Structure formats: structure tokens, C-alpha cells
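One structure follows; several queries about it will come next.
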Amino acid sequence: MPHRAPGSPGHSRQDFLSGKPIRYYRPTGSPDIRRLIDEGFQAFNAGRLSEACAIFADKMLAPEHDTTIGLTVAGAMTPAGLGGCVIEMMERGLVDFIIATGANFYHDLHYALNFTLRRGSPFVDDRELYEDGVIRIYDVLFPADVLLKTDEYIRDFLVRSKINEAVSTSEFHYRLGLDLLEKFPASAEHSVVARAAACGVPLYTSSPGDSSIGMNIAYHELMNGSRFMIDPNKDVNEVCAIVLAGARNGCVILGGGSPKNFYLQAQPTLWEVYGIPKGGNDYFIQITTDQVVWGGLSGATPSEAVSWGKVNPGVLPDTVVAYCDSTVAFPLFCEYAVGSKHNRRQRKELVHKRDQLVAVLTREARAAHEKRLAETK
Amino acid sequence: MPHRAPGSPGHSRQDFLSGKPIRYYRPTGSPDIRRLIDEGFQAFNAGRLSEACAIFADKMLAPEHDTTIGLTVAGAMTPAGLGGCVIEMMERGLVDFIIATGANFYHDLHYALNFTLRRGSPFVDDRELYEDGVIRIYDVLFPADVLLKTDEYIRDFLVRSKINEAVSTSEFHYRLGLDLLEKFPASAEHSVVARAAACGVPLYTSSPGDSSIGMNIAYHELMNGSRFMIDPNKDVNEVCAIVLAGARNGCVILGGGSPKNFYLQAQPTLWEVYGIPKGGNDYFIQITTDQVVWGGLSGATPSEAVSWGKVNPGVLPDTVVAYCDSTVAFPLFCEYAVGSKHNRRQRKELVHKRDQLVAVLTREARAAHEKRLAETK
Amino acid sequence: MPHRAPGSPGHSRQDFLSGKPIRYYRPTGSPDIRRLIDEGFQAFNAGRLSEACAIFADKMLAPEHDTTIGLTVAGAMTPAGLGGCVIEMMERGLVDFIIATGANFYHDLHYALNFTLRRGSPFVDDRELYEDGVIRIYDVLFPADVLLKTDEYIRDFLVRSKINEAVSTSEFHYRLGLDLLEKFPASAEHSVVARAAACGVPLYTSSPGDSSIGMNIAYHELMNGSRFMIDPNKDVNEVCAIVLAGARNGCVILGGGSPKNFYLQAQPTLWEVYGIPKGGNDYFIQITTDQVVWGGLSGATPSEAVSWGKVNPGVLPDTVVAYCDSTVAFPLFCEYAVGSKHNRRQRKELVHKRDQLVAVLTREARAAHEKRLAETK
Amino acid sequence: MPHRAPGSPGHSRQDFLSGKPIRYYRPTGSPDIRRLIDEGFQAFNAGRLSEACAIFADKMLAPEHDTTIGLTVAGAMTPAGLGGCVIEMMERGLVDFIIATGANFYHDLHYALNFTLRRGSPFVDDRELYEDGVIRIYDVLFPADVLLKTDEYIRDFLVRSKINEAVSTSEFHYRLGLDLLEKFPASAEHSVVARAAACGVPLYTSSPGDSSIGMNIAYHELMNGSRFMIDPNKDVNEVCAIVLAGARNGCVILGGGSPKNFYLQAQPTLWEVYGIPKGGNDYFIQITTDQVVWGGLSGATPSEAVSWGKVNPGVLPDTVVAYCDSTVAFPLFCEYAVGSKHNRRQRKELVHKRDQLVAVLTREARAAHEKRLAETK
């Protein structure tokens, strides 16, 4: 087969794109769903999911704990339509910052730009899709054109934005979100990136070159001679500073992967690198299908994290892993949270406090450094 | 029935570190193992592993194909002792460049610095480990001190190296490897990072802030005011340029995760962003335990990659996924390769050709850009 | 950092049994849950579960199709509290016969006899449980006494029943259910075995010796010289006869295992052994976490079943596998079904028609046999 | 598509059956493979497999322990060519009895009868296979005719054997094996069922109706009015008696499923039903890809088994689960065992001692019963 881009001209098999459009479902706090989770989800992973809901709603959201809550997202959750859950959680102040794969933010832009992804099947012939120029993410289908036009928007934004320096991913996503809000006001309801900017929720990506966003930034450097780049150091230090500032810390981990580790490494960065004895997470919720027995970090348990100082050894009862596809478990989880007593918190708007928090981190790190110097004299 | 409860008070727990040291096992090309794989591994995942070995040894390594071979590594493979396989493959020219999680390169440094990781058990009490200052990676155990001293070496290197600009991860790892070779000459036999520098194999990390290496670089920026940072754009463009230059392209993917996607996105970067119709991979071998049905990229099939133009639609017979823990399958795979006919290739030493290849990419990208401009006039 | 080590000597460990009692949750047909499944479950396994609900509610339950519906159950679903879903489905005529592991029927008896199983954790120390005489099924905990008393009831029933011959498991479970209804009338609401007898739903076990029920029957033969035994031939032929009689056939498979195969082999029994060309299943729904790539029958796809004549090759669109823990997915599935249009069907009461259906099978088998004899003459 | 048996006449696409024939690979005890397992398999599941090999070779096979070793087999291992490993282990006295799914014994008969199964692919179109009359077990392919002719042999044997009563599966498989040895003497080298008869190794099936063997026995009852049936009680009691007689007990579990539970329930049968305090297994090795977190018995840990008295609480160090496809791990395991010091034991020939062992069980059970009666007076 000749080398070329997907999509042969003149070919047409439109039925690949006949499925229902995928929409961002917004949880509303159904009492029926709460009842099912409380009374019907009693054992095995239903039991774990029920525990996760209770820990989140009763402990992490309890006003007296003032928990700083990080959400990490791996797996193509925005293509699968889970952006509405994330928007609802941000809007209600139930999530304070987010670490996700670049793909989740990239594909979120399709919704912001009003392109349509459709329900499909994982059992289609990919060679036919390729001929037809249809892109597949497991069972989500959309025309290759959606990629090209989204890329075009990103490159236009990069030129327009005039950013010409090294910034954190939170800064980049924030400016991107503001641009969306300005150019596509409806995107506040249909885009995680846009809504995060409105809500002041910082969005991080642990693998900044690894997605179509990263690809287009790389293009911008190579072709336009831009000096805009992502500085991973800024991301490491901002997340570290946010975690340091938390009265309590807790996370909701969807999937695992690099975002999970990037969240969890904040505490080792504090004790191992900066010499600041912060202690580990107070709450740890993971929804995943990865398994501990394969040895990787994605499937590593809260217990394993204790040995690294990532999780407070005293809090194992407040950690839980529910083994379930996030597309099933996360909407249930959000319905439960939205229907709970503490279903709205004052938003922390951390995106506006990053500099200040990093300054605190710097101060404490210097103090720790000088203390060590004094001790080793 | 009598049994000893774990962790009685007053008990000296030094036995956490009584397991055998983990060594980098080096494959030697055993004919017995080849026979087992050819004749005994006939169906199910044994059959797939046998296919993978045959595709690699007979097709990817065939001199007339001159395949550019990328190896991606997710999961803690160096802690598990698989670095010896990687060293052997690099030394023999059977792998041309590597994309791995930062953790794999970080923990490789322990071997370079002659620290000892030990065989242990995943069923130990992490609170006791925590009390004893023992770090656990699934069933690999070592003192926390190993982290602190390795960090110290990295920070010393950062100061010594005087790098004060944005560089690619391949450049950073290359300089780190040269430093190891100079300071610890034996590390050539005991470290992937050191040997890669000696063999000219570029080492990339798709999530540069996400590991203890990234944490220490972030420290260096915050505390020393260094301007050294990783520029992910350079990584994206270098990998893209390497893939563009390949007569044929093929990959061996261990695990999945961000390294897998970072490798595979090179072709979409070419057609989708740069407008260069290179076509997808010619060979695709993955050893993983992740599953396609969870929808994530780690478990996505070669077939799904076809719709994205990541895999050439004509070559599905030369793609294979063997579902097996890499710690079992990769040593078998390497024994087979080392024992095969084409078990040594001229090394491509790509680390020294990166600038030249990126220049070619730039030229072709500009040509494609101008062609499009001309067409849309 | 202070934390309490588990299992200090002298500590009263009664708190293993302090969790909430597990109850048989009964689905009520929540419109909120239907809306979530229709609108929020769009892709990945949420999409598959949504498809499964739609196929079941719209096609399998459609009156004009008069589908004979088999439910197969592997995994400890009654200990996890899913018996209430099964009772509701039987009562409404939405399930016509059941094939389950013996353990599911055995542990259902605890509910019938008013013993209490409790919510617990999978992370308890099994040696302490053993010391305390607490039995664990993953995270379900109960005193060993529950086993002993349930066994006693079974052995008493065996003596009282005076069965002294070889019977099918459906016959055995039917008589057991009648005994429960008589001796413990409330068990109609709290026991699958009891309610199945009331509803005329035959209950089969493909591995009759493999459970505490089988163990007690074996005791009865060895110690009491009874001639009561399970005749697996009767089970094979009854299931075969039920499937043969179906206007359409469809299944809901929870888990996989031996019950799955026992259901699916009915069609091969017809064409391969009896020479009766019935054709395969018209509908196939599986909820499982087992994976196709391991090669086993539990994870085998509807597609693989086509080659065996187990699934009608024309109906693949009406087959679906949702990869999800049944404890999460099955209550959602039942809520959807109970809330659907065709949420009540005339019960088939197959337990009373078994002889008649086997007579039809015998007649057709003889006719096929004679036809073959005539042809080969 | 019309209802009929697989295989439409006149259709021909012979290339489905062009793969290499699957042969029963026989392990020879390669020192290279032992070295790889000892030195290269250090962590994660490679580490577990290495542990399993060491426990088996050094402890279970140690002459002074005289361990009674049960092998359980789930998953289609004989179709995948693993029968040769089983034959070698039986011949050397390294396995004393076997519990497997009926499918494993049924498909073993194809090898005995000299039919050919072939290597194929899991990615073929099953509707085409159905048209062509080709049967698929994951990636193993063979003509439907192989089923029909194997069935014919079984039914002929049933008639010839003149068995007209209820027997255990071990008795049935023993007589079947003797028939094979007589009619097809070469089958001793090519069939587990035949070789087991020669070696006196009893073969059990926990789900006797659930396979083509069971289907043909059911035919024999229905069509020929035979009184031959499998009595599951006999299987339960024989396995129980074998376990009771073991100086030490240990198992090698491939997969999980019903055979795993059937083996493990022997100890609960003793203490829970017969009142005989035997204590649990001394050694427990499982090779599986099933996961503990799904809650089912297949994936249940040795630790969970402790709470049931299935595993001796003092021996957890001698239990191990290696998460790996058996098609990869079992040949490696057998190579290791065959190459080990104690690579040949006096065969126990338990098939000839069943009556005697059941008599001991009966005697002890009566004694326990009378003791309890005396105590409760």
C-alpha cells in the first residue's frame, strides 16, 4: 500500500460515522444512584467503589479537612465523553488541580471547537477506516479532518498568543482556555480546558511532548523559530508547591500512567530532594483496571506508595482502589459526590496562586538546605 | 497451628534486605531457548512470542531491510534487572534508539554507581518498610539511602556539567552517560545510560519531569537558578527526524504507556502536522499485559494504530502483540535475537546524527509547507 | 509516625465481623439510572454496558421474539449480595433458566437460613482469620460456623428428602428450594434457590461435585450408603432440550468459567452429537473481566463461538461483551431491565416442562439418526 | 443466515489450515533454561516463576517430603500443544494425579487419534471459518471433521466398553486410556489420556457434563438407554482420599477455574464435612493470568485459601502465584523440573490404589463421626 496520509480521495463509506454524537454528560446528583451505591454495591469492586464514594464525599470534601484535591486522568476520557463530569467537579470546587495526558486536553478541544466525535464499535476494519479517513480511539470515531482543524486552531493560537518563552503546562493550558472562552464562549459548557480557565483550576501534563498539542508546539519551534517551550521544571515545582500548601492532600486517580506518578512524586520531591518533611497523602482513591501484579506504577497499591513516603502510613484505611473502567465508575462516583452533603466548596483557584506557592516552596527549601549545611558542619 | 506473625516488636528487620542482589543478566543466544521458542511455543501467547521473535530476527534484522529500530520501555524494567538485555541489544546494534520512562534511567544509575537492589517479595508490610527506611518497587527492595545518594550524584553532575540551556533528553542522557563512563568506567558493563553513550544510542524520555531525574533537574532550576531545562520540542522533532530517515521503521514496545505513544506519534506528526507523507511503521512488536478492551493507548492494537497512520495498513501480518510480563518475555526474546543469524548489525550511532536528521526534517517540512501554500493559492 | 500494627496479641479480634450485613439488593427500575446508561455511558466499557442493556431490554425481552433466556453465573455473586437481582429477574420472567457454580447456590443458602455475611476488606490477615475461625471470600467475611450449620441443613435435607437415585441438578435444586419454602417461608424473598422453586426456574450446576453442596452429597453416599447422585447426563440433555425448544435463544453470562461453556455447548451438542441443525444463539451478552487474549473459554468472544456453531453467524451485532466486574455492572443492568418497557414476561416455568422437552429432543435425535443411517446406506 | 451445522459444502478456502501442525513438545531439562530462570528471572513475574521452579524442584520433589502432587489444568492447554509437558511429568513420577476441564482430555484425543490441529491466528473472520467448517480455539485451527470423528470414536468406545453403571471420571478416563493404548499403541507418546493409563495417573474432571466427552456420554444415555454415568460423588471422595493419604500435599495449578477449586476443596471436605483435621496444603503453585481483585476463586490467593483451611497457615512462604500465560510459563517450569536433581520419582500409580484409599477415608470418617456423637451425648 502506498505511503500517504489516511483518507483516500473519492472513497466513501459514510456509515462509520452514523453513530450518536458523544456529549459531555453532566452528573446531577441522583438519589437513586446514591442509594444503589450505598446499598447495592456491597462487595468486590462494587464495594470498593462504594468505599471510594464515601471517603470522597464524607472525608475529602468535609469542610474541616480543607483537602487539596488533585485529579489525575489517563486513558482517553474526553473522547469517551467524561469531560462533563470533570467540568461539574471543577465548577463545584470538588477538584483543585488536574494532571492528565496531553491527549485528554487535545481531544477536549474538539468539543470546544464544536466538532463531533461519534459512538462506534471497536470491531471495525481499520484498513477501511484508513481508506475513509476516519480516526478511531477504541470505539470512538471521527473524521481525520477534526485532527487537522484542531491542529490548525492550536497553531493559530500559538502565533496569536505571542508566548515566546518557557512556561509551565498549567500556564499554557490557562492561556489556551482563556482564548477558547473569548473566541468560543459556549466552550465554557463544553470544554474542560475552557472551564478550567474560568474556574482557576490548573491543568498539568506530565508528558508535554507526547500528544498532538506537543506535536504542534514542536512544529512552532521548528518552523516559526519560536522560543516557546514547556519547562517541565516549572510543572514539577508548581505541583510540589501546591501539595506542600495543602492542609490535607488527597487524589482521585483515573487509570494510572504518567499522571499518577507525577502527582504522587510531589511528596518524595519534598522529602527526598528538597529535604522538607511534609508527609504523604491523606486520601488516595484510584479507579483503574491495571493490576498490581504486573509490577508497574500504574497498578501499584497505596500500600506500596507508603514505602516511598507518598502515602501517609497511618491512613491506609482512607485509601482505596476500585478496579473498574473509569467510563463506568467515574460518572457513578461524580453522581454520588454531586448528590452528597458537601457538594460545593469554595474554589481554591490555584491557577492564580502558583507564583506565591512556589515562593513558599523556595523559602522552605532554602531553610531546609541551610539547616542541613549547619548540621553537617 | 503455630506460625510466626510478621513484624514482632524488637525484631531486627534487616532481613528485608537479605535477598539476592539483582544483576543485569546478559543473554548469550542459547540454542535450547531458540528451540523451545520455535517448537514449544506454538499457540496462545507463547505462539505470539514465537511470532514476535521470528519477525524480529528474520525481518527486522534482515540486512536488506536496514530497519531503524526503536525500543520503548515502560514499567520498572531496570529495577527488575533487564538492563543487561538492553545493553546487549545496543552493543550488537539491534536497537537504534530508546524511549523509556525516566524511572528506568534513574534506577539504572544505581547499578552504574554500584548500589545494590535486592530480590524481595511483594507481600511485605509497607509500614515496616517505611519504619526501616526500605524502598519497595513491587518485589525489589533497597535502602532509601540509595535514592539519596543517586540524587546527590545527579545534582553534582548538573553543577559540574555546566549545561545552562534547554536541551533534548537524548542530549542530557548522552552527557550523563559520558560522565558515568569517565567517573565509573565499569559502568559500561552495568548501566544502560553509560553504555548507550558509548554505543551512540539516543535515550529519550517522554515525561521528562516525571521521575527522580526530573525532580533533581527541577531542584537545580529552583535552588541554583540554573537555566538548564528539558525542551520537549527537541525530543518530538528528533524522534520525528529519526523515523523520517528510516529505510524501514519498526519498534519493540515493552509495556505501553507514554513511551509507546511517543514513539508511535512520530508518523502522525509527519503527516498531520508537517504534511510529510511518510507512511506508518513496517514492523510493530509489543510485549505487554495491558488489554485492548480498556480502551487506552497502552493496550491499543497495531490495527487501531492503522487508522491513525501510525502503522502501515499493508503490514498487519508483521505486527504482533504478546501478552506477557516483559520480565519473562523480553529475556527470552533477546536470547532468541542474540542466537539468530543476523545477531549483529553495524550500529547507527544516531546520537551523533541528530542535528543532521533534524535538518532534513526541517527541509522537508518547509518544502511540504510551501507546496501546500502553492496549492491553496 | 505512629500507627497500630495489625494483630497485637491479646487483642479481641471480633471486629473482623463488624462490617455491615450484606443484603440482597432488589433493583426497582430507576429512571435516573436508565438515563445515565443511555446518555452517560457512551464509549469504552460504559458504551458496551449501554449496548448490552439496550439489546436485552429492546430485543431479547421483546414479546414477539419470545426469547428463551439463560443466565450463567460464575464468581461468588451470592456472597457479594447479587441474589436480589437474580430473584427480581426470575420473578418478572426475565430469566428462564440458570447455570451457576455450586458455590453460588451453596452460599445462597446462608441467606435462606438467615445467617449473616458481612462487608469486610480483602486486606486482612488470613492467618488471624484462621485463628479466629472467620471465613473470607475476597472481602466478604463470616464465621466458619455458618458453613457448618449450612452443611448440617443440607445433610438433614438429604436424609429427609429420601432421594435415592440419580437426578439432574435442576431436580435437586428444585426439591431443595421447595424444602426451604416449606421450612423457611421468608426465604422466598431472601434466597435464589427458594424463589427459583417458586417461579419454576430450573437451576443447573455444570460442576456438581465442586462445591460444599457436592461435598455433602458425596458424604451422604459414603457415610449413609445413599444411591442419590447427580447424573450429569440429565443436565446436558435438559439444557440441550430447553435450548432446542427456544423460539429464539439468548444468554446473559456473568463471568465465564464452566457455566458459560455449559450453556454454549448446547448448540454443538445438537449439531455435532445429535445431528440436529438448530443454529446458534440469537443474542449473547457477557459481563466479565476475563480477557480474550489469554485464550481460554471464559474470555472467548461471541465471534470465536461462531466457528463452533454456538452463535448464529448472522447476529454478531446482537452480541456484546462488557468488561466490568459483575458486582458493578449487573445491578446497573437489572435496574435498566426492570425500568424498561417489557419489564415483565409470562414466566416459562421450565422446571415443570423438562420431561416433555427432553422427549422432544429424543424424538428429533432419533429422527436425525435414522435419516443419517438412511443416507449412508 | 440459515440454521445449519458449520461448513457449507462446495466452499473452499484451504489456507486457514496452512499453519504448522501443533506437536506435543517434550521438555528435556535444558541447563541454559535453568540458568535463565535462576539468574535472569529475578523480579516481578519472572521472579515468581523462578520461585515456583525452586519450590517445586527443591521442596516438592525432595524425596524426604514424599509430596503427593496434584496438577490442575484449565484453559485449552492440550490444543495449544502442552500435552507433551504433562506426559513427561507423569512419566517421571513428578505429578501424581490430574484434575482438568473435560475439554483438555477431549482435545487430547485428537492427538491420540492422529488428527492434526494447526497453528493459526486469533484474527481470522469467524464467519468465514464457519462457512469453511473450520473450528477455532483462539489461534488453533482444525476442520470440524476432527470433532465429528473424535466423537464417533468416543461413542464407539462407550458401546464397546460395556460400562453400564455410575463410575468416577478417573475410572472412565483410565478405561478410555487403556482402549487407546490397545487400539493406537503410538498414542502412549502422543496422548495424555493414554499415557496416564500407562503410568497409573488418575485423571479427574470437575465438570463432567461440560465438554464434548460429556456430551457424548449424555447421547449414550439418551439414545442407547445406557446406565453409564459419571458419579461426581466418587470423584469428590477419591480426591479427598488421595489428599488424606499424602505425607505432604502440594499442587501445581494452571489457570484456575473449576479444577482449581475441586483440588482445593479436598481439605475443607475433610475438616468441614468429614470432621477429619488433616490441615491444608504444604505447597501451592499457581500459574495464571486471572487476578485476585476480581474476587473469583480462579484468582484467589494462597493467603485467602488459608482462611478456609485449604492451605496450611504456616507455609505461606512455600506458596507462589506467577501471573503468566501457562503456554509460556509451563514449558519453562517443566524444563526446569526435568533438569533438576530430583527429576524422577517412583510413580505412585494412584489409579490402582483408589479403592484402598477411599476405604481409609471411610474408616477415618466413621471414627470422627462416632467421636463427635460421643462428645455431644
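Which chain is which? They are A, B, C and D, in the order written, and residues in each are numbered from 1.
The definition used in the following text is that a residue touches a chain if its C-beta (ideal position, glycine included) is under 8 Å from a C-beta of that chain, and two chains touch if they have at least 3 such contacts.
Because the structure is a prediction, the values reported are computed rather than measured.
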{"item": "C-D against B-D, pair bridged by the larger set of C-beta contacts", "value": "C-D"}
{"item": "Most distant chain from chain B, judged by the mean position of its C-alpha atoms", "value": "C"}
{"item": "Intercentroid distance (Cα basis), chain D paired with chain A, Å", "value": "47"}
{"item": "Mean-CA-position distance for chain D and chain C (Å)", "value": "24"}
{"item": "Chain B and chain D, separation of their C-alpha mean positions in angstrom", "value": "39"}
{"item": "In chain B, residues with contacts to at least two other chains", "value": "1, 3, 43-45, 75, 80, 127, 130, 138-139, 289, 291-295, 303, 323, 325, 327"}
{"item": "Chain A contact footprint on chain B (complex, rising order)", "value": "74-76, 80, 101, 103, 122, 126-127, 129-130, 134-139, 144, 147-148, 151, 166, 206-212, 214-223, 229-237, 240, 255, 257-258, 261-262, 265, 268-269, 271-274, 277-279, 289-298, 300, 303-309, 312-314, 316, 325, 327, 358, 361-362, 365-366, 369"}
{"item": "Parts of chain C lying in touch with chain A, wherever the complex brings them together", "value": "1-3, 20, 22-23, 25, 27, 30-33, 36, 39-47, 49, 75, 79-81, 119, 123, 138-140, 289, 323-325, 327-329, 331-332, 335"}
{"item": "Interface residues, chain A side, partner chain D - complex", "value": "43-45, 291-295, 321, 323"}
